[in-house]
Amino acid sequence: MDANEIYERIVNERRFVYIAGPCAVESADQIMKAAKFLASKGVPILRGGAYKPRTDPESFQGLGAEALEYLAEAREETGMLVATELLDYDMMPLFQNTVDFIQIGSRNCQNFPLLKKVGRMNKPVILKRGFGNTIDEFIKAARYITREGNSRVILVERGIRTFESATRFTLDISSIPVIREKSEFPIIVDPSHPAGLARYVEPLALAGVAAGADGLMVEVHPDPRKALSDPLQQINFKSFSGLMEKTESILGSLGRASLKLEEGQRGQYDIYK
Amino acid sequence: MDANEIYERIVNERRFVYIAGPCAVESADQIMKAAKFLASKGVPILRGGAYKPRTDPESFQGLGAEALEYLAEAREETGMLVATELLDYDMMPLFQNTVDFIQIGSRNCQNFPLLKKVGRMNKPVILKRGFGNTIDEFIKAARYITREGNSRVILVERGIRTFESATRFTLDISSIPVIREKSEFPIIVDPSHPAGLARYVEPLALAGVAAGADGLMVEVHPDPRKALSDPLQQINFKSFSGLMEKTESILGSLGRASLKLEEGQRGQYDIYK
Amino acid sequence: MDANEIYERIVNERRFVYIAGPCAVESADQIMKAAKFLASKGVPILRGGAYKPRTDPESFQGLGAEALEYLAEAREETGMLVATELLDYDMMPLFQNTVDFIQIGSRNCQNFPLLKKVGRMNKPVILKRGFGNTIDEFIKAARYITREGNSRVILVERGIRTFESATRFTLDISSIPVIREKSEFPIIVDPSHPAGLARYVEPLALAGVAAGADGLMVEVHPDPRKALSDPLQQINFKSFSGLMEKTESILGSLGRASLKLEEGQRGQYDIYK
Amino acid sequence: MDANEIYERIVNERRFVYIAGPCAVESADQIMKAAKFLASKGVPILRGGAYKPRTDPESFQGLGAEALEYLAEAREETGMLVATELLDYDMMPLFQNTVDFIQIGSRNCQNFPLLKKVGRMNKPVILKRGFGNTIDEFIKAARYITREGNSRVILVERGIRTFESATRFTLDISSIPVIREKSEFPIIVDPSHPAGLARYVEPLALAGVAAGADGLMVEVHPDPRKALSDPLQQINFKSFSGLMEKTESILGSLGRASLKLEEGQRGQYDIYK
């Protein structure tokens, strides 16, 4: 299955989707290890940053084109589809053959020229909520994409700025029912960025599942302590397995099912039909 | 069982607790109707405002002492325990024999003299988070109660003020794991005030359950359209039944159980042993 | 002049008013020293906390009744009028003869029973904005006072909670024109609490003056480094003199004048006629 | 004088700078009318949007290249320098000969690729604070520009998102002293966007002046009621004249002076030496 087909199944069958992987691609080995683990759990979409938008210009900015190659290898090997952030449209040629889902980050939620440009592409767009944006602005930002022709937009609630500092951002759990009511887009939850700390990821993720989210986008790293970015909020394989088990359990109790990668033709796995 | 015993079971057995009832007690009939319905569903604690803190001094301020009488009748009839807000310590004599759980509202979260005074009582205190307070301040406010001797405090996450206006307040779902980590108090979720609209109550409530809350405090009214306060956010009996069913289902999937009122000696029901 | 007369002049003549003094009364000597300095500069109203609402119950809570005595001595000696916070109406008898302006703190902005009670008194009330309250709520809180008969309310903008953490609170400078438009109350600025740091007090104070505030309420301490509360944000005598000079200069450039204490009959000084 | 020279004078002489003009360039006549009026008042820099970032994709998006031509005509006629927003680096060739100050809007405050690109140009950059960004992030965003070689960055405080809805944004007046302390950049105030309503523009502007801002950036329109964007917050010529008079008066009272355009060689006016 390709990205467009997956998108349709999320929308039409309300299948729950997992997107997981490290904050940033750090080496061929790191991303392959993560991909193999996640594929074995049935996660259909691999995330991993190639170009990282960092608050501080002196921080690690991602491996760039090299990261895209590693992602392509992991995709080839496992059959997972790849989602990565497009920071600058100039990089689009590099993304064309490697990236299945174009991710637009929180800081670019209202970068309208970029939204228009990805609106002319034939790949689903994963649009993260700006941490300073209202739900209304978020939905209108998605319209910048769809009015150019690309109707496949997945929205991601990833927390907003509030006065509370115990967590990195405040996950606006209410945005899930509101977005479901006010738009036709799937809405998934990123529990990693609002949590800020690995131990808060699971409760936020499960809250999202129970509130009716269409999926989860989680930062998972083979060895979080050694991560070059967001070391505190990435969870390890064991934690992800536990989280997935509980997610499946809650989904089941609510009569829902997830979309899984299973053993198949492409690479080792393919999306379950 | 009395309120102190219930408190111990919530803490020691991690039993999930339901607190439900109308925003305000509006008549003997209204609160009795609500109580009978809720008791029949097994809800152990009845809520209902007697003295209402309203933003506008011209709004309905509650029936006062009359409401306390109606609550006492509902308690006598059903065996439910009663929780209601204490706005002013001067009213305490009226509360002494009628009210099982003393509720301190969001606007009084840092009303330290009031907290100290209820800290000298032998009744559990339900302390709501100030909508402008951090988690750290919230926990410290509870310490004003416990250091006077009363260690039975239940914290309620009920949403904070943020820039998002699609909902009345932003439920800070992250506060659940943070409070569980940083304090010994049970933390329950009030989904009604952050929702602001009845149709958002269920997803917020279920998010709270999945995030690990110790209970729910929900506004339920026999006929929300006729409510004298918060008419938009109170849910009706049917919605509450549906919410409870899903809550039980999620609790079950996470290996947890709720505390239920069952047919018994006191009134028609008593708390299940 | 008594407090009611001063209030009328602020309202009717738009005279600018200074309220200054330490965060908390810490000793007879400390408050007398502050009062003498401030009176010599012409500041008509002395502030100083007797009962302090502290986030942490283990922090210094004020000297209580003892502080009120020291304030009375300073008032007798200098002729300044006294403003101090009423935390609990039970303390009112102690305030009756000592305190000229009843201050209601930020945490009690929506403590409606307390507001109603001071609404039945014949002393001007200084009501601070709740740091989680909107301007609309703030004005409605003042109405709880006026509808009981006491129309002399002074509002204080002292900053609200936002995501910005470089300062302790965010001074909502816009509240000045909004409150002037939407209510009949004088609105003064407290630059100390939003600043959080002494070196930011002056720019915030001057911003308030230029935006049209009716006065300033500033924390001034003889030796801020030794203060028992808010040591970082209190300014010393020299800084206050500088601030006052610039304030007078801006007031003059805008065609306004302040209300000053001058040498006279009561104590050493009296309010300038 | 060119833009770089003006920048140096703002920084080295702490001369106060006015930037004014309509939200959007709407016609040759409208912008010429505004420019002539502003030049006659001595305003050295003309602002006017050519490409407008609008929340709603269906709203007026600016006249684009046509607007740049009109701005060039106004610049030629009056000698004012021109500031306009660069939304997309693809437009840079059009800006090269027409625009003196490259403005980066609030929504692009953390559009790092764009910041890097303007960091390689030899034109001063006017960077507006993201309405969801902290001061720390704002300064770090400016570093993305300076580390590429362009050290001439002017920061603009234009309000942040908070829970207060009486104004469009909350002007963070505290950011002025904080930014002056923590960076070497001039910081100017945009009172128009936080105000949201024309009648609040003056008090916010004057607050900025008194707090120590290095300048003002104000939306001024020949006939605000007919404006195609932001009709409520643009002020007319008469209001701007009044605002400027008070600004000069406060500047004078604080011992400061502004940078003025005066009759001269280039066009009708040139920057006063």
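In this document, chain identifiers A, B, C and D correspond to the written order of the chains, with residue numbering beginning at 1 in each.
To be clear about the criterion, a residue touches a chain if its C-beta (ideal position, glycine included) is under 8 Å from a C-beta of that chain, and two chains touch if they have at least 3 such contacts.
From a predicted model like this one, the values you see are computed outputs, not experimental measurements.
Engineer: Taking CA centroids for every chain, report which one is farthest away from chain A.
Structural biologist: Farthest chain from chain A, going by C-alpha centroids: C.
Engineer: Where are there more C-beta contacts: B-D or A-D?
Structural biologist: A-D
Engineer: Can you work out the whole-Å distance between the CA centroids of chain B and chain D?
Structural biologist: 51
Engineer: How many Å are there between the centre of chain A and the centre of chain D, using C-alpha atoms for each centre?
Structural biologist: Chain centroid spacing, chain A to chain D, equals 37 Å.
Engineer: Quick check: what residues of chain B touch more than one other chain, meaning two or more?
Structural biologist: Counting only residues that touch two or more other chains, chain B contributes 132, 136, 160-163, 165.
Engineer: Give every residue of chain D touching chain C within the complex, in rising order.
Structural biologist: Against chain C, the touching part of chain D is residues 132, 134-136, 160-167, 170-178, 181, 194-195, 199-200, 203-204, 206-212, 246, 249-250, 252-254.
Engineer: Provide the residue numbers of chain C that touch chain A in the complex, in ascending order.
Structural biologist: 161-163, 165
Engineer: Name, in rising order, each residue of chain C that touches chain B in their complex.
Structural biologist: Interface residues on the chain C side: 53-58, 87-88, 90, 107-108, 110-113, 130-133, 136-137, 140-141, 143-144, 147, 160-161.
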